[in-house]
Structure formats: C-alpha cells, structure tokens
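Quick heads-up: structures coming right below.
Presented sequentially are two complexes of chain A, the first with chain B as partner and the second with chain C.
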Partner chain A sequence: MSQEQADIKQGFRTKMFTPFWLILPSLLILFLIQVYPTLYTIVLSFQDRFPTGWEFVGLANFKQLAGSSLFQKGIGHTIIFLIGYVFLTTVFGFITALLLNTEIHYKGVYITLLFIPWVIAQIIAGMVFRLLFLPDYGLLSGIMQNPSIFPPNGISVLTATAPQSWFGNFPFPPSPAMYLLILASTWRALPFVMLLMLAAMQMIPRDIMESASIDGANGWQAIRFVLIPLMLPSMVVAIFNLILTGMNSVGIIFSLTGGGPGTSTSLLSFALYTIGWGQLRFGRAAALSMILALVNWLMIMATLRITRVEERSSQHV
Partner chain B sequence: MFSRRPGLSRKWNKPIIHAALILITLFEMLPIFTTVLISFKSQQDITRKPPVLLPCDTSEKLIDLSACRWSVEGYKRVLAPKIKPDSLLGFELSGNMVRIYLVNNFIYAAAASFLVMILAGASGYAFSRFKFRGHKVLLTGIIAITSVPLLTNLLALYQMVISFRKSGLPFDDRVFIVVVYIGFYLPLSIWIAKGFFDAIPKDMEEAALIDGCSPMAALYYITMPLAMPGLLAVALLAFVGVWNDFMAGYLLIAKNEYKPAMFGLYEFLGQNILNLQVLAAACIIIALPVIILFLFTRKSFFKAMVEGGVKG
Partner chain C sequence: MTTKKIFDKVIGIIAVLMLVASCTPAATEQPMEEKPPAAEVSPTKVPPAATESEAPVAAEEQDFTTWFEYDQNNEDPAADGRVGNKYLRDTIPQFNEAFEGKWNWVNQPKAWDKMEAELVAAVQAGGDVPDLYQMLSDSVNTFYRNGTVQNLREWAEKQSWYADLDSSALAACKGPDGGLYCIPLAQRPNTVFVWKDRFPDGFPKTPEEFMKKAEELKAEGLYAMTFFASTDKGGNGATRGVFTTFASFGGGYDDGKGNMLLNTPENVKAVEFLREIVAKGYVPEIAFAGGFQEEEAFKDASAGSFPTGLNGYLYMFPFTAPNGTKYEKNSSQDFLDAVAAGDIYISSFLSTEGNKPGCDTKAVGVAIPVGAKHPEAAHDYINWIMTPEQNADFVLGPGAGFPALKSTLKGEQFQTAFWQEAAKAIGNSACRPWYGTMERPTEAKAIIMAVVHKLIKESPNADIAAELTKAQEEYNAGN
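For the complex of A and B:
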C-alpha cells in the first residue's frame, strides 16, 4: 500500500483518465456479458411466461423448483459427484505433485504427457470414456459385462440404473454411470490440480523441509506436519477451484451419459439445461441459475479471502 | 521451472518414483491411446462382440501383426475427401467438420483470444501501475462478480440473443459469441496480466516518465515488449478455452453453418451411435490442434495456469 503510494508520488502522478480509458473497454464488455445477464437472470427468476407475456410470479419459480425431483435429486447427484471428484483429484494430484517434486530425470516429459488431458475439451473427454464403456461395443465393456468378474450379471456401465437408494430421496449408492462420470472428470482435472500443487510445493523454501529432516522427521512426518500445513491455503484454493469447475461442468455429461440413465447423472448444471432448454421453463431455470450463481459466488469470495490472507502472510517471509 | 527443488523424499528410491509416475502417466494417456486405436479400426471390428483391443486376430492366432486390419474409414467419413481436379491438392475435404465447424472454431478462438490479450493487457497494466479511486473495489469486483461461470449466465445471454435477433438491429451471432467469449475469459485474464505486470520492475518506465514520456508511450515502448510473453500466455489460455467450449456455441448460435467444432462432435454423437471409429476420428481431429499448440507452448501455458489458478 505505502509502496504503491510512493510510486505514484514518484512517477505515476497522472490524470485519472489514463487508467480509466485503459479499463473502460473491458468494463463495458464485462457489464454486457457478465453483470447485465446476472441482473437479467435475477429478474427472470421471479417471472414466468404466460400467453400474454412475462409476468411477475414472486417466489413461485423457486417453490416449483424445490418441489421438482430433478432438482431434489440433482442436489444429491451434485454432492456425490463433487465428493468423489474433489477427493480423488486432490489426493492423486497431491501424490503426483509430491512425486514430481523430487530430483528425478524426465520430469518435463512426465509433466507434459500428464497435462494433455487438461487441454482436451470436456465433451471430448466424455466421448473418449464413452468409447471405452459403451455397452457391448466399448473396449472395456467386455470386462465390465463379464459375469465372472462382476457377479452376478456384469455391469453395463452406461445403462444400468442406480440401486435402491438407502436414504429416500438422496441418490446413494449412485449408478455405475456416476462412478464413470467421476472417473472421467478426475482424469481430466488431475493435471490441473497437480500443477497447482506442484507450484505451491515449489514456493515452500527448501530449508524448511531440510530442517525438518535434520530434526529427525521421517518422510511421512515431514509431509504431514510441515508440508501439508504450509500448503493448506493453496490446497483449499485448488479445492474451491475444483468445486467451481465441477459444479459447472456440463460438456462431459453431454457426451458421456446425457444425464442418464434416467436422471442418475444429471447434476444441477445439467438439470439447468434440461429445465431451461429441454422443458422451456426459463423462469424456473433462472431460479436454478441464481442458486448456482450464489454458491459459485460464495466459493469465489472464500477463495479471494484465502489468497489475500496468504499474500499478507507471505509478505512477512 | 520445475527443476530446481530437491526432493523432500531423498530417501525414496528413484525407481519407485519413476514406477509410480509411469503408472499415473499411463492412466492419463491410456484413454487417448485407445481413442487413437479405435479411430483406425474398420466397422466390422468395431461392432464385434466381445470387443477386441487390436483388430489383429486371425482364425488361427490371437494376435498376428501381419494380419492387422487397420483402416482410415473413420477419418474418411469425417473429412469426406472429394476429388476435385482444379483445387490445389487435387481433392477437397467436403465434410462439415473441417469445412465449417473447425474453421468457425479457429476464427472464434483466434478473434477472442487476440482481443482478450489486448483488453486484459490494457486493464492489467492500468491496475498494476496506477492507483486510482475505486482501484481495489473494481479489481475485487471484476474477479468476484464476473468470474461466476458462463453456465449461470447462459440463460440470460440466450434470452438476450433472441431479443437482439427479433429487434431488427444489425446483429450477427458470430460477433456476439466472440464478445461472450471475451467477457467470459476477461476477468481471469486481467488478474493474470496484472500479475505479470506487477513482476516487471517499474524503474525503466519511471525513468521514461521523468524524461517526459507519456504513460501510453512508456507502456508501448518499454513495458509491452517485456510483458509480451505473459500476454501471449493469457491469449493461449483463452484460445484453448474458446476452442474447447461447447455450451455457449451450442446454445447462442442459431445457424448451423456458424456453429463451432464441439457442436459438430455432438452432432456426430447423435448420428453415429455405433460408428465408434467415426466418433474417435472426429475427437482426434478436433483435439489435435490444441494438443500440438500446447506441446509447443507448454512453458507459458503452465506459467499462466499457475498465475491464474493460485489467484482463483
């Protein structure tokens, strides 16, 4: 803060309009594409379309949404998906980063190869796994549908419905397709998490880890009591990032399962598409949009808070 | 970038680390290999039950590499080459995927990433170098309000597109979708660009300013050349993001001849439920350009990802 002010005094004493003109075009576009649509969605979520046109209906959209099974089950599907997806990507991303944070050869080759899935589009990632698990013809369907490996009848991953739910409306245990969706999403997001974790690990000063080992900490203790606490802020940011991308990923569902079988893989993001463009209930979809946006926004604010705390603490180092 | 830190686990055996890394790399690469494999199979090997990994079995042997039935049928169906004597190569690719969708994809991605680079560069510079009223509020606002993902705004954007089309004003879906992509990638790009500008020392610029150079000229002649690698990384990230987008192109564009490649792939999925070789070939044709781009630019790619990912 004081550094910046000193800079302004020295050389950047300038009229307001220079930064203003530099930022203005971006602000206009952001207003048109981000702010205005958000406001529009808020208005829309309190309206419904009648033959006479759009009319204000109060909270009716939210009530109908809350009563629909697509929404109720969608919450469950989303939670199950996020738990599996975030857990797997974080754990394996951390392990991969740990392995790469050593003195070994071909590190660049590993990172490059590992990273390719992340640059592939979601819809292609879904397709790639669909080609493997498609009933009868997918390359792995021979194994999945083999009764002696998966008794009693083998699993037809993309068409088998979910078993009877244990908790009423909460769709647990999930259908086989949900496991596949988690697998495919993890496959694609793992490199991203790995990169963030690796960057965070490399920011930790070398001597801290060295002094831990001099003090007699073994590998696991050094990781558990020194590395993980130091990395925690970056980990939390990565996890929030994952929740954000996971909550809003639709492409992979489109090509992998199409939300099915039944609605067993339609997360809230896919339900938004179904309600909006499938059922043409735009008011209700807007209500769902608002709920999703609110959760997203809370995630982002939390991330910002954490990064700010992190920046402040890193200034003292 | 990834080479200086010695391991915390010096006691671990290197072979074990390599083995574990190879295992993870295999997990990440195998689905890609199988897709390539499927894309070179012929229809009768695709629809066999039970499926075989390699189309190389004969009636006597399980795998006979001399009897492999590789085929480029899938690629042929996607590209649909037609003989046309007066064109440059003697044939032209008449498939919609290459002729329309991939061209559109390239135009949208190139236009959006170029403009994102310029806009984010200008804003990032302003946020990095100037202190003005509302600086902090704007910066936080940009990341907070506007990084709500595209999906939740699609509904309103869709309604906007419909009313624009009805309004009779000159309106082009293609221009609009590029603006949407810019709006979508701008917030993160501004943050990344600001980070890159923050890392450039201000001394030279200040010297130029004291010598009477205008801020804009200082930006153009002194800071820009230094910031260029960072800005290119921003553009790269946006290019790959737009290239890979499905939902916005699918929902916001009305005419099929303006739709991007991911829509083409989705269309293929509807038409080729069992022609897996066609789907696999289409996947590879669409993904190959960004994979190649990534392989050549991976360093700046990682730099921008880390800068953006840590910030949120």
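For the complex of A and C:
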C-alpha cells in the first residue's frame, strides 16, 4: 500500500470515527441516566422482595396491580384529570395568547404577571390552593361553606366526596377536590401554553390573516380555518407537554389533596409514588411505571396521529 | 413583538426571579456552627461504656454517622422537629466528649416521612448507609421483609441494660422471626387528649355515654371528637384514632398469622360507631382534610377530644381553652401548661362491654442498618444512651413517651401531672402495635384507611362487612 493510499485510509477512518468519539460522552451519559434505569425497571417489574432477597415472580406484580383498588380507581381519575387539565389549559392558553396578540398597552407587564405561576414549584402551588380551600379554616372556607351561596350545605372542596357515579365504577362526576386539582394545575401550566401559542401566533404573517378577512372570513372563521391550522405544530408541542406533565404530576397532588378525599384525586402517577416510596413495593412500582410509560407513548402516538390528520385536512382547505 | 423578543423577555424575567430567590434566605436556614448545650438540659457526662469493640487508644477518631429525623443545625423555634433538633444540638457534643479520640458523631438529618424509604433504597442499592438509624417500631416488619437492618438480639442480650427493658417495648422491636431489629428507647402509646370543660365528668366509658354527651355538645355548636380521618400520609390515620376505636370494640387488623382480618363483628361495630359520629356531625369536617390539620379543631377547643399519639403534644400549639385561657408560648410547653392547669386531661378511650380501651403503641428506637461501616460505634452509642440519665433526656425530648428502661420511669422527671395522667390512661388500656403480624404494614394501613374512609364518609350506606372483606382480600392476595 502506497503512502498516499494509507493517508487516504487514515483520513477516511478519522472522518468516520470522529463523530462517534464526539458523541460518545453523550451516549454514555444517556446510557447511564436513561437506558440502564429503563432496563433495570424492566427487570425489577418481574421481581419482588422477600426476607431472603429478591426473587423472580413472573407477572405477579402486574397481576396484583390489576387487582389493586388504587390502580383500578387511578385509571378513571387519571382520565378525568387529563381531559380537564389538557382541555382547559389549551383553551385558556389559546384565548389568553389571542388577547395578548392584539395591540394593547403594557403587554410586557401582563406577560410578566401571567408568567408568575409557571416559576412557582408545583408543591408550593398546591399548598397555596390548599390554604385557600381548607375546610373551616381556609381563606375561602367562609364563602365556599356558606349554605346561602352554595345551597343546601355549602361545599367543603377538599373533603366533600364525589356524587353518585353516572357510569358504574368510572368516577364521573368527579369529587370537588378533583375540580380543584384541575384548576390549580391549569393555573400553573397556563403561562407555558400561553407563551408557546403567542409565539406561534406572532410567527404567522399578518397578511395571511388580512387576506382571510378580505375574503370575507369572520373572526371565528379566521381563527378556525386559518389561525389554528397554522398554529397546529405549536399546539401539538403544548398538548404533548400537557399530557406528559399531567400524566406524571405528583407534587401538586401531594401538597394539595394528598390523593384524597379517599382516593378521589389519586392519579396513576400518585399511585406510583405511593406504591414505590410509601409502601416500598419497588417491584410493583416498576410494573406500574412500565404501564405508565406505555400509556404515555400511546397517548403521544394518538395525539400525533390526530394532529397529522388535522394537518392534512387543513392542507386540502 | 417578535417571538425572539418575547423569549428574551421571559428569559430575563426568569433570571431576575431566580436571582431574587437565591438572594432571599430561607426562613429555616441556620448557620452551621454548633451552639453549646442550653442551660435547661443538664450536660450528662457519661464515661464511654466499656465494650468488646473499644478501639485502641492510638487509633484515629472516626466518624459515627447517624440518620435522625431531627436537624441539629436548625434552630428555628417554629420548626416541627424543634424539640428533637435541640436535643441533638445538646447531645452531640456530650457524646463527642465522652468518646473523644474514638468517635465523632455526624448526624445527617432526614425527613421523617421519607427516611424509611431512603434507607431501604440505600441498603438495596448498596449505597452509603448510616451506622445508626433512628426509627419507629412500625418499620420493623418493613425492614425485616426488605433485609434492611441487622438482627441485634444476640448482641443486645449480653448488655447490662437488656434486663431493664420494658417487655412491651422490647416486643415492639421484634420481627416476625423473633429477631430484635431495633433497640427501644421510648414507648409511644396512643391516648385521648380531652378538654375538661367539654367533658367535665371524664371521658365517656362506653359508646352510649359518648353519643349522649356528643349530642349535648352538638347542641352547643361543638364537636365531640376530632381524629385523623383522612387517607392522607399513606393511610397513617389507620394507626391512630381508627385503630383505637377498632381495638376498643375488641377488634383489630390481623389474624395473628400474618393475614389481614377486617371483617369481624367487632370491627363492623367499630365502623358503625365511626359512621354514626360522622353522620350525626359529632366530628368536624377538618378531620377529613389530612395534613394533620385535624389538630386545629382541638387546638381551638371546638372539638372536645382528640385520640392521638402521646407525642402529639410536641407538635400542637397554641391552645385556646373553652374558658378563654390562651396557651401561646408556641412550644410543646403549651400542652404541658394546659394539663398542669387542669384545662386538658389525658384519658383512655371508651370501650364496649368485656373490652378494655384499646390503643396502638410503638417504640421509638434505633437500629443498625445492613452494611453500616462502624457497627461498633453504634454499639457504643446504644450502651451510652441506655444509661438512665441519657435515656431520660431522650424520652423527655424527642422520645415523647414512656422510657423503655423501667428504672428510668422511676426518675423524678416522670412524676409530673402529664406523665402521671398518661400512665393512668395507659394503665387502663390494652395497647399493642396496630400492625400485629402483618409483614407489609405500609401497604396495610393504606388499604385499611381507604376502606374506612369509604365506609364512614364516601358511601355511608355501603355494606360494611362486604367492603371490609374486599379490603382484606386485596392485602392477603399479596401474601
């Protein structure tokens, strides 16, 4: 082999392997904090702890989980919470962004004020709402528990139980505490969604909206057929984020309701915390986290699919 | 405004907020320096106990690491663990002086409701574990199942203080295999705190008497009783007033063979009693709010009684007595003052015919985790704290119960109104650990409290026996 050929080969090798060496540190970190824990969780989900040590138990953790009331009820509560939280945050985030997208004075001040909830930790947000609605002693208890305002007996938001379910075991209508949890979570997540949507709105050229207006579209039609389809990618990001934070939120439940009254605000994420760190059933918690990961993935895929369909149909408009 | 400008502004806002937050000192943050012992706690110099593990004189001083739920560096007088914080602040220098050149006590404060999980995880992951762990005997079965702490039976039986241990305190530290998984320092039984003006003739002895008195109080716009009735804190309520009620009706939670047993006639009656007092409005709504907020109704005397742990007095203040007297030193002294003034008394619970009032009792103790680097330091510490002076200091501080050493109980410090009333109340009761033989108490209490809450609050017409059966089957499926 000539020197020239050797140099070419060496150059090729360098060119080929340099990127690999450059990304190796990131890969190693990713392996340590993502891949290894995932693999370990999978292994753990088939094991249980006994005085003699860890033992392989097959699908027993999944089976016991399926039979546990915490899990069964958690599914319904999670669905209710997600629907309420994602819907309200998206709608109010959109409306707020729409208002801020107009020519108004002191826009910066409004954005700053509206952004405050996002920088408050979940656990603090929960505590603040709790102090407002604590029965008998809360700041708003005088109003909420006043029978003349909320007949016949007033509402003790944190302790009142859910009305008789309309659909067998499915927890609907939810307890007042679930409404409060949705409200508090929405309040906290609203700034993030609002900001994303405002950014998306401001990227839309003004002339597109003006042409829609010239073409005879009224306000609602312009929003429905022009603004929303153009904002769809940003909306998808917002909805992704809301689904994931909603599915995995623990802090606000921990400090606001503690999963109660009863188990009426115990979402699957809170059940995971309870089973793992409260009951110390790490095997069972690993099984639940596998299920949660799967559900997260399925919901993201479903959202993607729905929004792609929307995107395609908007392209045909 | 462009997107970039908006983002720039937001980033700017976040940066300013973070800067402000980082410049504001936390309310509870305290300087790390250690203060000398406070005057009211007499420094008890105890010579190092001679143990088989004594290190050679020339050996270098080594760290003796502990996990307590108290923080010696937190001097905030309003902190929940202030009594324990102060105890450690005073005691660590005493220990270090007694074992100078051998051990240097380094305490790593832990959150009371997370430390159990943290230790289990640390042991199982092979991480750093302390040489000594402060615990409640509720954790014994959990630790046994998870192989978390060492069996100290063989070592403990050879120590001089072993024969002086109270038998029920010792029993609380034993695991299902008869091993000794903690060394008890104090016992914390549950009692009932009662406002004298609400129950001037003593706390009712029977459910019937209670109902009659509760109706009278209700007519005055008052509640007869507050208790931990929520499912919060992993079902902790099941270990408190709910167990007191079950046990006082002759019931309990287990069959003595490791299984949960809830559906018994006694337990059904106990649930009927709880259901009735809730339905009739004898219990304030705050009892169901969780977060230990049920205490509020007792503190302002709107509720006449409060079944809870004896150590509850450490955490409750201030008080407003029914006669208007305010106890507002904002420390555990408020409760002691109210007892000394006769405004509050300590009682046993009511009971049904043929039964003694029941209650849960737990030991406050210490354990040596599996994998501890210096178990011999922990042995030295245990021998040191098991001297009558040190044991009394612990019990009068964070132990907040009765001494585990019988000889300590005879000390002058335990002859005050508070201790005498408590001793009388406990003497009238049949106290035992709530979890019995169940090996998964953390799981059990969550299931029990969920079903009790359902029966007394959510579904007051549900079939009690059927729901109790369902709950016990759910637990037993995991056996």
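Criterion: the second predicted complex is superposed on the first by the 270 of 317 C-alpha atoms of A that agree within 3 Å, B and C clash if a C-alpha of one lies under 4 Å from a C-alpha of the other, contacts with A are read in each partner's own complex, and residues count from 1 in each chain.
Simple rule for what comes next: contacts are C-beta pairs under 8 Å (C-beta built on N, C-alpha and C of every residue); 3 or more make two chains touch, one makes a residue touch a chain.
Computed from a predicted model, the values in this text were never measured in an experiment.
Using the contact criterion defined above for the overlaid structures, shared-chain residue A:W277 touches chain B and also reaches chain C. By the touch criterion stated above, A:G67 is placed in contact with chain C alone, chain B being left untouched.
Shared-chain residue A:T102: touches chain B; no touch with chain C. Once chain A of one complex is fitted onto chain A of the other, the partner contacts of A:L230 are absent, as it touches neither chain B nor chain C. More chain A residues lie in contact with B than with the other chain of the pair chain B and chain C. Legend: residue contacts after superposition of the two complexes on their common chain; A:V57 is shown touching neither chain B nor chain C.
Shared-chain residue A:P261: touches chain C; no touch with chain B.
Judged by the touch definition given at the top, the superposed model places A:I75 against neither chain B nor chain C. When the two structures are aligned on the shared chain, A:F115 is found in touch with chain B and with chain C. Residue contacts after overlaying the shared chain place A:V250 against chain B, while chain C stays out of touching range.
Residues 107-108, 111-112, 115, 119, 130, 134, 136-137, 195, 198-199, 202, 276-277, 282 of chain A lie at the contact with chain B in one complex and at the contact with chain C in the other. Those residues of chain A that touch chain B in the shared complex are 4-5, 7-8, 10-12, 14, 16, 18-20, 22-23, 25-27, 29-30, 32-38, 40-41, 44, 92, 95-96, 98-104, 107-108, 110-117, 119-124, 127-132, 134, 136-139, 141-142, 187, 190-192, 195-196, 198-202, 206, 209, 212-213, 219, 222-223, 227, 234, 237-238, 240-241, 244-245, 247-248, 250-251, 254-255, 269, 272-273, 276-277, 282, 285-286, 289-290, 292-293, 296-297, 300-301, 303-304, 307. Those residues of chain B that touch chain A in the shared complex are 2-12, 14, 17-18, 20-21, 24-25, 27-29, 31-32, 34-35, 37-38, 46-51, 53, 119-120, 122-123, 125-127, 129-133, 138, 140, 142-153, 155-160, 179-180, 182-184, 186-187, 190, 202, 205-206, 209-210, 215-216, 240, 243-247, 251, 262, 265-266, 269, 274, 276, 279-280, 283, 286-287, 290-291, 293-295, 298, 302, 305-306, 309-312.
Against chain C, in their complex, chain A makes its touches with residues 49-51, 53, 64, 67-70, 107-108, 111-112, 115, 119, 130, 134-137, 145, 156, 158-159, 161-162, 195, 198-199, 202-203, 257-264, 274, 276-282. The touching residues of chain C, when paired with chain A in their complex, are 1-3, 6-7, 9-10, 13-14, 17, 114, 116-117, 120-121, 124, 142, 144-147, 177, 230-234, 284-286, 288-291, 293, 296-297, 440, 442-443, 446-447, 450, 453-454, 457-458, 474, 477-478.
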